[in-house]
Amino acid sequence: MSASVLTVRGLCKNFGALAVTQNVDLDIAAGARIGLIGPNGAGKTTLVNLLTGMLTSDRGEIALDGARIERLSPEHRVRRGLVRTHQINTLLMELTARDNVAIAVAERRKFAWRLLRYGPQWRACVEEAQTYLEEIGIAHAGGRRVSLLPYGEQRLLEIAIALSLKPRVMLLDEPGAGIPSTEAHLIHEALERLPSEVSIMLIEHDMDLVFRFAKDIVVLVLGAVLTRDVPARISVDPRVRSVYLGRSVV
Amino acid sequence: MQAFTILLDGVAYGMILFIISVGLTVTMGLMRIVNLAHGAFAMVGGYFATVLTLKGIPFLWSCVAAGLFAGALGALAEMTLYRPLYRKGELQQVLLTIGLCFICISALTLFVGATPLPAIVPAWLDRMVYIGYRDYPLYRLFLIGVGALMALVVWWIMERTLFGAKLRAAVDDPQMARAVGVNVNKLFLFTFVGGCALAGFGAAVGAGIMSLEPFYALRYLVYFLIVVAVGGMGSFRGSLVAALLIGVVDTAGRYLVPQFGGFLLYVLIFSLLLWRPNGLLPPKSAT
Amino acid sequence: MSEIARAPASLSPPSPLWHALPWALALGFFFVGDGYHSLGVNILVMILFTLSLDLALGYAGIITLGHAAFFGLGAYAAGLFNIHVDNDPLLGLAFASLLAAAFGLLTGMLILHTKGETLLMLTLAISEILYEAANHMRWLTRGDDGLDGIRPGPLLGLFRFDLWGKTSFLYVLAVLFVCFVISWRVVRSPFGRSLDGIRQNSRRMRAIGTPVWWRLVAMYALSAGMAGAAGALSAQTARLVGLSVFQLLTSGIVAVMLVLGGERRLYGAFIGATIYVLVQDIAGAINPFYWMFVIGVLLIVIVLFFEGGLMGVIDAARAKLVRKKASGEAK
């Protein structure tokens, strides 16, 4: 296994008496394609929130490229390259798709503190933004207001924004949620196009999508890692089957 | 003993603040409306009571009528002006209600006049009673009594009636309340009317210490808002605690450090809000 | 394409001619408006004040009922600077706006963690604190007598302030122009756009690494500085500062002017403040309470029926015109 980009050791979080994250260890290598699955209430979103800093952990270490980040604010973690997408839509609905990305580009390129430079720098951001839309396959939607985009394209836009931040690690929180099955392949195609050097952890209910995308699957149960293995072995693992109570996993 | 007198004065003042503000806390907590016209409803009630009293109607009946009148105006306003506001932003709410305030101020000035109204404290209240160590105005004791009575009534409605249960549920979790079939529109209307009625009644009863003039609606608005913010929006107990606290602190400040009384009050409020942004006793939904 | 035409945000930017219009009108007024220059000065000062609020409230979404604090602080600072330090108006202006900006920075750092009604109350409390402070520091501010005796020296050492307000008019117009250009650039810069993003969804902005709090504080300080400049101009041109600058009514009125013209449009401030001051002047001449009534009715009508203020009405008319033209060409 190549060197780990994101390393988690002994991560714990309690909500009162309820342990929502128990002693989680996790290594994400450069270019990894990891699927994070688990039944409802397994603590998948909590784990993402802990990693990104939306919640602070009670115990444990999180390191990105060897540097400890568990005390950093969410913004700082993003700037170091740990980027997430949201389960629910958090796009800026009044702006165009392209401007949504351009704002993120401006933030990454540290233009956002220059109060009086509005011409060339913003145009550069907009041009760069368009390249990410092309990469994700929604270049045609660039000039349209987000509120007028179909839901599937909004989810793709969310990924394009994350991509524009040039992340080391991307945490995709249910990118396929709420998308009609006829459009699900769009998400998969977009995920396949993500740059290979970026490490990706996909949190998803759509098992089809997870098993097609991930090279490595982590199963989370009651806040703890149950097992981690390649998809072929996860799908025949009796423990995983029993966790899903007989629900067909493949 | 001076401390006790200040305390009594402060409590009397706080009780009036409570009667007027309790409606505002519920509308701001329940409907999420920044209602800057609350003081205007109170003021109109107070004016109405003064006119009735000057026409010879007994003081208490005038006050009750003031409550009914302010409540009726509230019903009218809720159904026409406030309903479209529920979906709008805070700024829109601030402006529409300030507009309403402006209209009330100018209308009262044009039709009644810009000078403060004479206080309508009746003769049977306007005297001193001995309270163990000194003479004390009966009117202020009366205010404390009325305030306590109103607090009891509001408490009883909130805690012992189905209406109150629905109200508390809607403040704590509006979506859940809607989901279990509470008719939120009707609840809003009744609450708003009740709040306006209390405000009108409170302004009428308390006219002896908070004198009525057209800018009443803005001058005391700051106090009403402070009671709501410090108590925790939507919290009935919080507004009682906050109203008494502010009444006492403001009164004590004016007695003891007249130069800095107002200054200290606002610094206290500012620090309180920084320390507890949701107020002293916020309802569950805010925490 | 039709949906784009309907959205006011994506209207083609106004031609240079439109940009020149308000400034040309103001300059034209300078030459023909004899006898009304002080009214004009009053309007320009209020435009600047409203513009400052548009930055904080309109663009950054900082909901405030305490912008009077910065206006008043700027006014007293400029007045006191003039009396006790130096009578150069530009120095006084710079001092006042820097002081107001610093105060905005400080208070912004304290209060911009909060939002909604709590923020509203905190901003209100700040202006009340200043009111009380100014009221009690009589030795400095002369309390409710008001601070008078402000006598600004000649502008740039050359132009004396005349009785009719002609110099004042050009002075204020020039300052307004500079502030407008700054605002215009700021809201179009990546900085301004990030604040627009924060207003729409601060969670999204955190997810792309925006230091939301710092960004809000910066915009608040900028807006405070501009409000302070407006206050300073008011003190220098009226030569008097009264305690009422700190009142809730002052903060309310500037918000009214903003919404009357339309938020997030910069030029909305021009229309809103002009109409407000004119209505106040005309209706106020008949009876000071008529204007309050008229403004009150106007506010309710605007909030209920014209969401984008008067600029919104103009934009809608323009969009309609564009559509008509487009459909005409299609035929």
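Labels for the chains are A, B and C, by order of writing; each one numbers its residues from 1.
The definition used in the following text is that a residue touches a chain if its C-beta (ideal position, glycine included) is under 8 Å from a C-beta of that chain, and two chains touch if they have at least 3 such contacts.
Since the structure is predicted, the reported quantities are computational estimates derived from the model, not experimental observations.
A linear topology is adopted by the chain contact network, the touching chains following one after another without closure.
Farthest from chain B in terms of Cα centroid separation is A.
Averaging C-alpha coordinates per chain places the centre of chain B 32 Å away from that of chain C. The distance from the centre of chain A to the centre of chain B, with each centre set as the mean of the Cα atoms, comes to 49 Å.
Centres computed as Cα averages put chain A at a distance of 42 Å from chain C.
Those residues of chain C in touch with two or more other chains do not exist in this structure.
Residues of chain B in contact with two or more other chains: none. For chain A, the set of residues that touch two or more other chains is empty.
Considering their complex, residues 57, 63, 65, 110-111, 113-114, 116-118, 120-122, 124-126, 128-129, 131-133, 135-136, 248-249, 252, 255-256, 259, 263, 287, 289-290, 292-293, 295-300, 302-304, 307 of chain C touch chain B. In the complex of the two chains, the chain C residues touching chain A come out as 3-4, 7, 9-10, 182, 185-186, 188-194, 196-197, 200-201, 203-212, 215, 218, 222. By the touch criterion stated above, chain B contacts chain C in their complex at residues 28, 34, 36, 81, 84-85, 88, 90-92, 94-96, 98-103, 105-107, 109-110, 114, 214, 218, 221-222, 225-226, 228-229, 233, 259-260, 262-263, 266-267, 269-270, 273-274, 277-278. Those residues of chain A that touch chain C in the shared complex are 52, 74-76, 78-79, 83-86, 90-96, 99, 102-104, 106-108, 111-118, 121-122, 125, 143-145, 148, 161, 165.
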